[in-house]
Every structure is written in structure tokens, then in C-alpha cells.
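In what follows, subunit A forms one complex with subunit B and a second complex with subunit C.
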Partner chain A sequence: MWSYEKKLQYPAKVGKANVKMAKYLITQYGGPDGELAASLRYLNQRYTMPTPQAKGILTDIGTEEMAHLEIIATLVYKLMDRASVEELKQVDLGGHYADHGKALFYVNGNGVPWTATYIQAKGDPVADLHEDMAAEEKARATYEWLINLSDDPDLNDTLRFLREREVVHFQRFGETLQIVQEYLDSKKCY
Partner chain B sequence: MFIPNDQMRLARAYVPFQVYSEHFNPMEGLLKGTIFPELYFPYRKYHR
Partner chain C sequence: MDRDQLCMLQELMAVEFTALEFHLYLDTHPTDQKALMEYNSVVQKLKVLKQQYQERYGPITYEQPSSYPWQWINEPWPWEICYE
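Right, the complex of A and B next:
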């Protein structure tokens, strides 16, 4: 069960509207290493984690990724604020407009829709935690490439916050991996 | 070169446990994305 707080985890500020940047940033919404993939991956894998700590960390981080999804949506929406159809056409978002109008959708930077094939649940906690650690590094790298693509200090401030959270998540999954490995070792009898 | 200790096994990944020491104040922690100085690794644009 969740409780919802009617505020963002971190302020989603943008300096000025920038439709091109919105098109790039949407990949953290519905792209392969984006926040939707992260949250759905962790919130699903938690059921087959063998220890309460591991279940708890996947629940906590999966929940936080939902909060990040909300920040990304807000940023994209602000970057696209009041964009005209002509402006959308200029950055090749005419195809997006035809399918979705000015709504957001779960796509990557090239408009490819989100797919469950971005994520896995192996039912093997060690394998799953390795996927999760890799996912955090890929999300961190994506934020770095997005910061390189952006010259908006306000937007970059929020992207830096989100990037640092991925560093912290990696550490937590790494600690969880040790806990799970020690638990599995202790269960082994010969 | 990293020298493994005798409790480590081959073919296994290890991340050291965080040892809690000090923390940023809540507002600074929010701005940085973590309250733990030992976990704060900011990105430098165009660094690579």
C-alpha cells in the first residue's frame, strides 16, 4: 500500500521552455533505462527476494523511482509548455503529436514505446540484484548524457539530484547483494 | 591492485558496506541528493 504526498520529491524547475530538450528527456520517462522501467522492475522483483531487508530495499527504491517518474513528467511538461504545433514539427515531434497530441507518453528519445522487454525478473535474487545494480549505473549514465545535452542550469540542477540518487541506489543494492549472498551461503547444506 | 581479503570468493561481486559517520544538514542533503558525504559523487560536465 502507498500513501501519496501531493508534492514532488525535489523541485522540477526549468529555465525556459525547450521542446528539443523535452524530446531527449522523455527517455527517462519511458526509455530503456528510465524511471518507469526502474520502478516496475524493482516493485515486481521484490516478491522473490529471500530476506526481509532485500524485499524492503526493492520496495523503497521502486517507490522512489515512481517519485522520480513524476519529476521527469513535470520537467517534460514544463519544457513543452505552450509549444505550438509548428515548434513540435521543427524538432520532429509531429509524429508524437499525431498519436498523442500534447500528452506525455512512455517512449524513449526517438519515440519508441516502452516495452516490458526492457526489464527482467529471473527469480534468482543474485541475478536480479546484478540487473538492478547495472540498471542504476545505466540510469546514472543517462542523466550524465542528458546534462551534457542541456545548457539550462535549472534543469541540470534537478537532473544532478536525480543522478545522485542513482549513485545511492547502487550502493544500497550492493549492500543488499552481500546480505543475500551471505543468507544463501548460510542456507546451503552439503 | 585491489587485494581481496580471505572472506571473499572468486566469481562474486562485492560492494563495501557504508559505515555511517557524519551527515549533511537536511537542506544541504536535499540539494545534493544525499545526506551522506561519503556517498556524494557529483558529476562534472564534459568530464569524459
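Right, the complex of A and C next:
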């Protein structure tokens, strides 16, 4: 089960409202390399992992991604808060406004809704852990592109924290892959 | 949210993050005794701090009693706090 704690993992800081940045940032909410995809991917893959370390790391990182999803939601909410309809139209968020008002939705930077085809569960732990490592690198690159797009030092502080987490997760998945490969090798009889 | 509360909340967030970082590390290094000791010490500190925070400012977990009326719904929610 899960239990909510009424706090964020890291302060979600925004210097000033900026609808353009909100439009870009939403991809880490519902885009291909976003936090929703990450969380659902890991929490779903853990059932077919062969070692306790792998079950543990997928559970813990999958849970941490939920906390990141909440940070992204907070940033988007703050960037959009108090925006006028005119401002939304100016950055091409009129379509979003028509469908969702100022609510968040699981879409990428171009408004395309989240799809389960962003993720996979192969039932093969080596294949799945390789996917997870690639996912972390893609998420890290996305945060770097977002930092390039942003000139807000407060926002960038939060984005840098999230980028760092992807680096740590990549490291932990790499260690897990090695443990799993050693386990699979030890089971082989020649 | 006043300055004192925000300060204590941010300290709590930082300590909880430290515990999480050890948690992930220990998943793939379960026999690292030094890390395990540090994790146990951070978790102890976190427990005390979270208890103090909740006694002062109300529940942020499901394991905290509430005074009347039901405090859980008190604002601000995490996305409404100004962290700057």
C-alpha cells in the first residue's frame, strides 16, 4: 500500500508566473520520459524481478517518482496560476484551456495525452533494467533541455535537483542489473 | 505559512531526503554496515523531527492524532506553499 505525506520531497520554487515554461514543463508530467511514465513503469515491473535487491529498488524508485510527479505538478500549477486566457492563447495553450481549463493533464509539451505505449514490461529482468537505465538517461536529458529553455533561477534550482535524481537512479539501476546478471549466471548449469 | 514553520518543514524535508538516499543505496548494498548505521541514525532523527513538527503544526502523516476540528484538511497543501 501507499501512504501520503503532506509535504513535497524538495521545495518547488518558481520565480515568476510563466505560461510558456508551464507548456514545456508539462512533458515531465505526462510526456514520454516524464515522471508518470517512470513511476508506472517501475512499480509495474517489480513483480517479475528475480532478486530482493531488484524488487526493493523498483519499489523505492517507483515511489520516489510519484514524489517527483507532485513536484512537477506544483511547478506547472505555480507557473500557470493567475495566467489570463489571453496569455494562454499567446503561448498556444488555447487548446489546453478548451479541454482542461487551467487544470493539469497528463500530456506532453505538444498536448498529446499520455499513453501506456511509452512504457514496457518485458518480463525479462535484464531487458527491463536496461529499459529503466535508458529511461533515467532520457529523463536526465529532458531536464537539461528544460533548464536550457528556462531563465528562471528558482525554477532551475528545482529542475537541477530532479536532474540529479535521474543520475542517482541510473547508478542504482546499473548496480541492480549487475546483481541480477550475477544471480542469473549462478543459476546456469554447464 | 510563517517563517518558523517553513524553516522547520524544510529541515524535515532535507532529513527525510537523506534517509531516502540511504534507503536506495542500501537496496543494492545491503551489507554495507557503515551506511546501515548512518541510515538508522538518520531515521531516528527524522522520527523525532517529524513528531515535533506535527505536534506544533498538525498532521502531515496518517499516523498522527488530530485536535478538533479535523486538522488534516488545513491549508496550505504542499503545492500551495511559497518556498522562496
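As a working rule, the second predicted complex is superposed on the first by the 190 of 190 C-alpha atoms of A that agree within 3 Å, B and C clash if a C-alpha of one lies under 4 Å from a C-alpha of the other, contacts with A are read in each partner's own complex, and residues count from 1 in each chain.
The definition used in the following text is that a residue touches a chain if its C-beta (ideal position, glycine included) is under 8 Å from a C-beta of that chain, and two chains touch if they have at least 3 such contacts.
What you are looking at is a predicted structure, and each value in this text was computed from that prediction instead of being measured.
*Asks:* Under the stated touch criterion, which partner chain does A:Tyr10 make contact with: subunit B (first), subunit C (second), both, or neither?
*Replies:* In the superposed model, A:Tyr10 contacts both subunit B and subunit C.
*Asks:* Touching A:Glu175 in the superposition: subunit B (first), subunit C (second), both, neither?
*Replies:* It touches subunit B and subunit C both.
*Asks:* With the two structures laid over each other on chain A, which partner does A:Tyr183 touch: subunit B (first), subunit C (second), both, or neither?
*Replies:* neither
*Asks:* Let me test your reading of the model: by the given contact rule, A:Tyr97 touches which partner, first (subunit B), second (subunit C), both or neither?
*Replies:* A:Tyr97 sits against neither subunit B nor subunit C.
*Asks:* Once the structures are superposed on A, label A:Glu144 by its partner contacts, choosing first (subunit B), second (subunit C), both or neither.
*Replies:* Touch status of A:Glu144: first partner only.
*Asks:* Subunit A residues touched by both subunit B and subunit C?
*Replies:* Comparing the two interfaces on subunit A, one with subunit B and one with subunit C, the shared residues are 10, 168, 175.
*Asks:* Residues of subunit A touching subunit B in their complex?
*Replies:* Listed in rising order, the residues of subunit A that touch subunit B are 10, 130, 133, 143-144, 147-148, 156, 160-165, 167-168, 170-171, 173-175, 177-178, 181.
*Asks:* Can you name the residues of subunit B that touch subunit A in the complex?
*Replies:* Spelled out, the residues of subunit B in touch with subunit A are 12-18, 30-34, 36, 39-43, 45-46.
*Asks:* Enumerate the contact residues on subunit A facing subunit C in the complex.
*Replies:* 3-13, 15, 53, 56-57, 60-61, 64, 70, 73-74, 77-78, 154, 168-169, 172, 175-176, 179
*Asks:* Under the definition above, what is the set of subunit C residues touching subunit A in their complex?
*Replies:* 9-10, 12-13, 16-17, 20-21, 23-25, 27-30, 59-62, 72, 77-79, 81, 83-84
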